[in-house]
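In what comes next, chain A is part of two complexes: it sits with chain B in the first one and with chain C in the second one.
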Partner chain A sequence: MAQGELIIKGGFIVDPTRKINGDVGDVAIKDGKIVEKVSSSAKVIDAKGKVVMAGGVDVHAHVAGPKVNAGRLMRPEDKLRAGTCRSNMAQKNGYRMESGFSIPSTFKTGYEYARMGYAFVMEAAMPPLLAPHTHEEIHDTPIIDEAALPVFGNNWFVMDYIRKGEVENTAAYIAWLLKVTKGYGVKVVNPGGTAAWAWGLNCLGLNDRVPYFEVTPAEIMTGLMEANEYLGLPHSMHVHQNDLGNPGNYAITIDSLKLAEGIKTKNKFGREQVMHSTHLQFHSYGGEGWGTFCSKAKEVMDYVNKTKNITIDLGCVTLDETTTMTADGPFEHHLHGLNHLKWTNVDVEMETAAGVVPYVYDPNIKVCDIQWAIGLELALYAKDMDRTFITTDHPNAGPFTRYPRVIKWLMSKQARDAVLNSFKHKDKVLDAISLHTIKRELSLFEIAQMTRAGPAKCLGLGAYYGGLAPGMLGDVAIYDLNFKDMPRDPEKIEAAFQRAACFVKSGEIVVKDGEVVSNGHKKTVWVNAKMPENPQVTRDVTQAFTKGTYTMDIRNYPVRDYLAPHPFVIEYDVEA
Partner chain B sequence: MPKLIKGVGCPYCGSSCDDIEVLVSDDETKILEVHNACIIGTNLFHHANDPTRPKLPRMRQPDGSMKEVTYPEAIDWMAKTMLKAKKPLIYGFGSTNCEGMSAVARIAEKAGAVLDNCATICHGPSFLAIFDNGYPSCTLGEAKNRADVVVFWGCNPMHAHPRHTSRYSIFPRGYFTQKGQMQRTVLCIDPRETDTAKLADHHLMIDQGHDYELFDAFRTVLRGFDIPETVAGIPREKIKEAAEIMKKAKFCMIFFGMGCTHTDGRNHNIDAAISLTRDLNEHTKCSIMAMRGHYNIAGPGQVWSWQFGFPYCIDLTKGSHAHMNPGETSSVDLAMRDEVDCFVNVGTDAGAHFPIQAVQHLKKHPFIAIDPNFCMASEIADLHIPVRIAGVDEPGVVYRMDNVPIQFRAVIKGLPGVPSDEELFDMVYERMCELTNTQPVWLAAKADRKYPESPAVI
Partner chain C sequence: MATVTLKPIKTPELIFEGYSITPDNFAGKTAAQIADLPGHEGKILMRLGDFFEISGNAGETAADTNIVITGDCSRVKYIGARMTAGTVTVNGNADMYVGGWMKGGKVHIKGNMDSFCGIQMEGGELICDGDAKNHVGCAYRGDWRGMKGGTIRIRGSAGNDIGTFMLGGTIIIEKDAFIHVSTHAEGGTVIIKGDVEGRVGGQMVKGDMYVLGKIKFMMPGYQKVDTVEKEVDGVTYKLDHYIGDLGERHGKSKGQIVYANLYVPAAA
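And then the complex of A and B:
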């Protein structure tokens, strides 16, 4: 956190947390936090004629950890697509070297997010056994604050407790694991299916039984939601559903979302949902095969719109060559069977698995174009933008550096039509989608809801991130856009969001005119939900190590404090 | 009262066993007993007691002798030498912690150096195959809990990874493999009758250098085609039998070693091995794993991949971007062409492992060895800087052969005044910044950075 005072003067403030939509005003920052006012000696940043928003919050991106690194390692060719090189100036001023396009190096990840005015990023899947690796990468990612979600959906302990109907034990195990891995919340990836993958199988239906564990994906999700609310964690269960990426999967998607019905939110962090369904684009497919593949975004969003205790993020396809990576091991194997590119897999004992496959979203391929349209349709059919967040499931549907492009498409029908008209199989694509019939163009206020206020609230971080109210963290992005006179050329919207005119992180100017000017002061955010010790869970966990189901010593399992040198810990007592 | 420290990681092979128990003296300066480790690991711990361990840097004098100098002198010399060199090569890192690898990257960027690790002379061909074909693998616990067919191809863990078979691959009773060895079928493919081959249920004594053909034969058989009467010296029926065993497995695990990476075919052998693994996944579950040599040789591949995007052979001399092209930017090739004008050997022994011509070229230029002990590299070096031993008197993260990070601990106090790799590299980096009038860049503010405590006991 930077000491001293700063005032951002005369910008068009867009802050959905306080319902401010383009009013001209000042934002004052003192000692890294937003305050009512500062003294006359404060450093002045002139934002006249520019849009001022809180620092961006990314609810779901794969930016640090073993599978991200497996992707970097196996794809030297990705480095050729990096574009810009480190300038002489950056070299002289000691900014770290940047590399990679779809899976950028940690240094580039931090710098690129900062250039786009993002303050907080959630690493979407951390295998608990490999948590020290994730934290080492987070440590090496400059500027941005990060947290990581450990994966629970295929964890042996969790499946065992849920089969026996033991909510309290599930909760105690989650609390213990969050503490020892310095994790943030409950991530679920292809519940049951990834566990089945350890034997080369999968669970595609909600009621398929997981081999040996005899639970179903539906039971795992329900059990984890109950345990999550038992603990009152800041974030809800964050789920990547079963049957990802297959034609006709929208039905199972809606069935999974229905599991949230009847589950009540319980927390002190302002969160309203009990389920966050991530990268919904991959789960909103109709058709019976790739030939009849079509969008079911409307059907899925109709359900989401009327169900208040669900939040979603988009997972927009950006039509780039990218690298898919997910803890959905069987899906990556399946994908590799479709595109025959290289395939990396990592099964992690007792906990999870992961796969990595490069993928080219080619605009000349009909299915890719339909996927592109579905991501945007989801956003444009959404009624509550505080529950709908912009992501590309980085790097699965496209790199996070394409967020500005997604924003452009959402804000401009002209930009969408230009892409639609460029498709080789335009007619076939139009038959399968409804994007071309949607006239809606999102406003800056709605974009701020989807990239700031909404995700911060969904993560239970609404008191710190996503807004500009006094008391919140001093993360402010200034974009070169005139609120009163928005550019007619949609490319200018993309350019403005790609390189912030100025970005203040924790009260320190880290980006000026799109260039990084400081390595900032990053923080690692994690949750310590304090519960009385649960002897059953302690015994079960200890036995897994002493009986050697794990191949590591239990003393070396918890992430040591020095690996997360700038902790920002959300600590509270669980009320049973 | 001597203290027994449990759950200690072993600084020897890629198995990175972390169930070692070490009895240390009351004042935490002497190692008294080592339990659970193999004979090599045990000896590595006891080496730390050696009273002749170097405690000060030594600089080569004009008369050829070595003279002890202070750390600040050594750091100054190294900083100036790195800055002066046009294309320094920093090589090694099989036997140190990730904190050191991360710290050296700052020096490499600042100096415009080539960064390379021991993979360049061992599992580099595996990396090349992974670039082409991916890496369907798993953690060692998966092999332990599930594998009922285990294939050792071109590797001999009974000697190179002494506890591998008892901790992970053959003998242990895992969750779904309660009968241990009884439940596992072991195949060994090796031209020699190694001790691992003697242990195997089936030893396919392959003609040396014909690995690719045999991989190919397995794939052909699995796809239902016929093969010649003998392939690579193995009769058709034997190949079919082995293929059937792998296909019928519930979980097939293939381990491969330098018998594949450093025989004819090299990366193509691994490419075929990965393809075989992929093919087997059409029938059952199959994983493959490289038998990495040192306890943290997987580490630099991980650390530098997240920092620069490449696991090894990283050329940073351009300043603007990192560039990797094994053959061009690999250590031995650079040395053979006499392209580097300064050599830094860290936590390995290039003097013992490199071809003699390569060493002769390297020796023409400033040669710096950073190692806790005396080794061939340190004896021919112009400057030898001793550091603490990662895993013995210095804690830190290491990556096991399956890329699982293990947080090693220190069991004894380091020699007074001797820095860790990380501390040494940070000091050299700071000196380089002083000399060039630039600000050092710490991603986390220097004052807030916490070095691992020593000894770290939870």
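And then the complex of A and C:
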């Protein structure tokens, strides 16, 4: 955290947390936090004629950990495609070399998020066993604050407790695991399906039984939501649903969302949802096969719009060559069978698995174009932008560096039409989507809801991130856009969000004129939900290590403090 | 046509990355401007003029520009890489990545070349009077999209990994090669006039290979189907025709499965 005073003067402030929509005003920062006012000796940043927002909050991206690294190792050509890594300003200014396009190096990851004015990024899937490595990478990613969600949806302890209906034990195990892995919340990837993958199987239906554990995806999701609310965690259960990426999957998607209906939110962090459903684009498909593949974004959003206790993120396809990586091991094997490109598969004992396959979202391929349209349709059909967040499931549907492009598409029908008109199979694509009929163009206020206020609230971090109220962290992005006179040319919107005119992170100027000028002061955010000792869970966990179910020693399992040297711990007592 | 002459005046301490040495980068520039073009020695930004004495101005376009390097470039990489037209001649050896990703024009190396020459080449001509090391006309590391077009002719021998993931174009090695020829290829033609140690056409989906010397260890995935007369680089031979790699996936054309073809001198 930087010492001293700063004042950002005369910008158009866009802050949905206080319902401020373009009013001209000042933002004062003292010792890394936003304050009411500062002294006359404060350093002045002139934001006149520019838009001022809180630092961006990314609710879901794969930016650190073993599968990200597996992708880097497996794709040297991704570094070549990124072009030169030498000539940019950061290196000229003495900062680190940057490499990689869809799986950028840790340094490039931090710099690029900062250049876009992002302050916080959630690593969306951390295998608990490999949490130490994940935290090492997080620590090596400069500037941005990060947290990581351990995966629970295929964990042997969890499946065992849920089969027996033991919510309290599930909760105690989650609390223990978050503490030892310095994790943030409960991630679920293809519940049950990844565990079934160890038998060469999958769970494509909500009531498919996981081999040996005999629980179903529906039971796993419900059990984890109940345990999550028992603990009152800052974030809700965060799910990558079953049957990802398959034509016709929208029905199971809606059925999964319905599981949230009976569950009540219980937390002290301002969060309202009990389920966050991620990369919904991959789950909003109609059709019986690839030939009849079509959008069901409207049907899915109709349900989301009327159901207040769920939040979603988009997972927009950006029509790039990218690298898919997920703990959905069986899906990656399936994808490899479709595109014949190289494939990596990893099993993480007792806990999860992962796969990595390169993917080319080719604008000349009809299915890719329909996927592109679905991601945007979801946002444009959304009624509550505080529950709808911009992501690309980086790098699965496209790299996070394309968020400004997604924003451009959402803010400009002209920009969307230009892409639609460039499609080789335009007529066939139009038959399968409704994007071309939607006139809606999102406002800067709505973009700030989707990239700041909304995700911060959904993560239970609304007291710190996502807004500019006094007391919040001093993370402020300034974009070269005139609120009163927005550019006619949509490319200028993309350019402005790609390279912030200025970005103040933790009260320190880290980006100026779109270029990195400081390595900043990053923080690792994690949750310590304190519960009374649970003897059964302690015994179960200890036995798993001593009786050889785990192949490692329990002493080597936790993330040591030195691996997360700048912790920001959300600590509280669980009320039973 | 205009000729720009580069005379080596200093051996780089590290390898010099001469990515500016192409007719495209020289076009429209004077000798003095060319001397100012960038290159890297390790992480340090250098100028072409630091390593070469440059004389002659370039032509208006790449196609009007010939580049002649009058001496040894054993420590200069990326000569002619990404060029689209014009010519580059080196009267000596060259380091790695000669003519990599080139789309047109002609590169002639009168000495030997190091590895990765002509990688992911799309068009044009690359000729080497001496030997080439490894990865002639192959894909970039990790990439599944190899050489698409153009011709590479090595008058001497080559090392391993020739034409990996090749999709089109022609590679001719006039003497011997070591191992891994056309691995994973889905098109293109590789001609090796000397002997090959082995691993010819492993996991090859489509394309043609000619080995006019001996293959010491044949891949098990190839099967002899007939004996044919074929013209290879202007000379007609009687050749045994093998198809493969039988362990790999293959497409169909007009109801027939399309295999990769390997031709070797007919057994007497």
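What we mean here is this: the second predicted complex is superposed on the first by the 566 of 576 C-alpha atoms of A that agree within 3 Å, B and C clash if a C-alpha of one lies under 4 Å from a C-alpha of the other, contacts with A are read in each partner's own complex, and residues count from 1 in each chain.
Methods note: a contact is a pair of C-beta atoms (placed from the backbone, for glycine too) under 8 Å apart; a residue touches a chain by one contact, two chains touch by 3 or more.
Just so we're clear, the structure is a prediction, and the values are computed from it rather than from any experiment.
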Partner chain in contact with A:74 - chain B first, chain C second, else both or neither:
both
So, A:394: does it touch chain B (first), chain C (second), both, or neither?
neither
Between chain B (first) and chain C (second), which, if any, makes contact with A:402: first, second, both or neither?
neither
Thinking of the overlay built on chain A, is A:107 touched by chain B (first), by chain C (second), by both, or by neither?
first
After superposition on the shared chain, which partner residues are touched by A:560: those of chain B (first), chain C (second), both, or neither?
first
Once the two complexes are aligned on chain A, which partner has more residues of chain A within touching range, chain B or chain C?
B
Is there a shared patch on chain A that both chain B and chain C touch, and which residues make it up?
74-76, 78, 86, 342
For chain B, which residues count as touching chain A in their complex?
6-7, 9, 18-19, 98, 102, 109, 127, 130-142, 144-146, 167-168, 172-176, 250-251, 278, 281, 284-285, 287, 301-303, 305-311, 316, 319-322, 324, 397, 399, 403-409, 433, 438-445, 448-453, 456, 458
Under the stated contact criterion, what part of chain C meets chain A in this complex?
40, 43, 45, 140-144, 249
Per the touch rule, the chain A residues reaching chain B in their complex are 64, 66, 68-70, 72-76, 78-79, 82, 85-88, 91-100, 103-107, 129-130, 132-133, 136-137, 139-142, 198-200, 212, 333, 336, 342-350, 353, 356-357, 519, 521-522, 548-556, 558-563, 565-566
Considering the complex alone, what residue numbers of chain A touch chain C?
74-78, 80, 86, 340-342
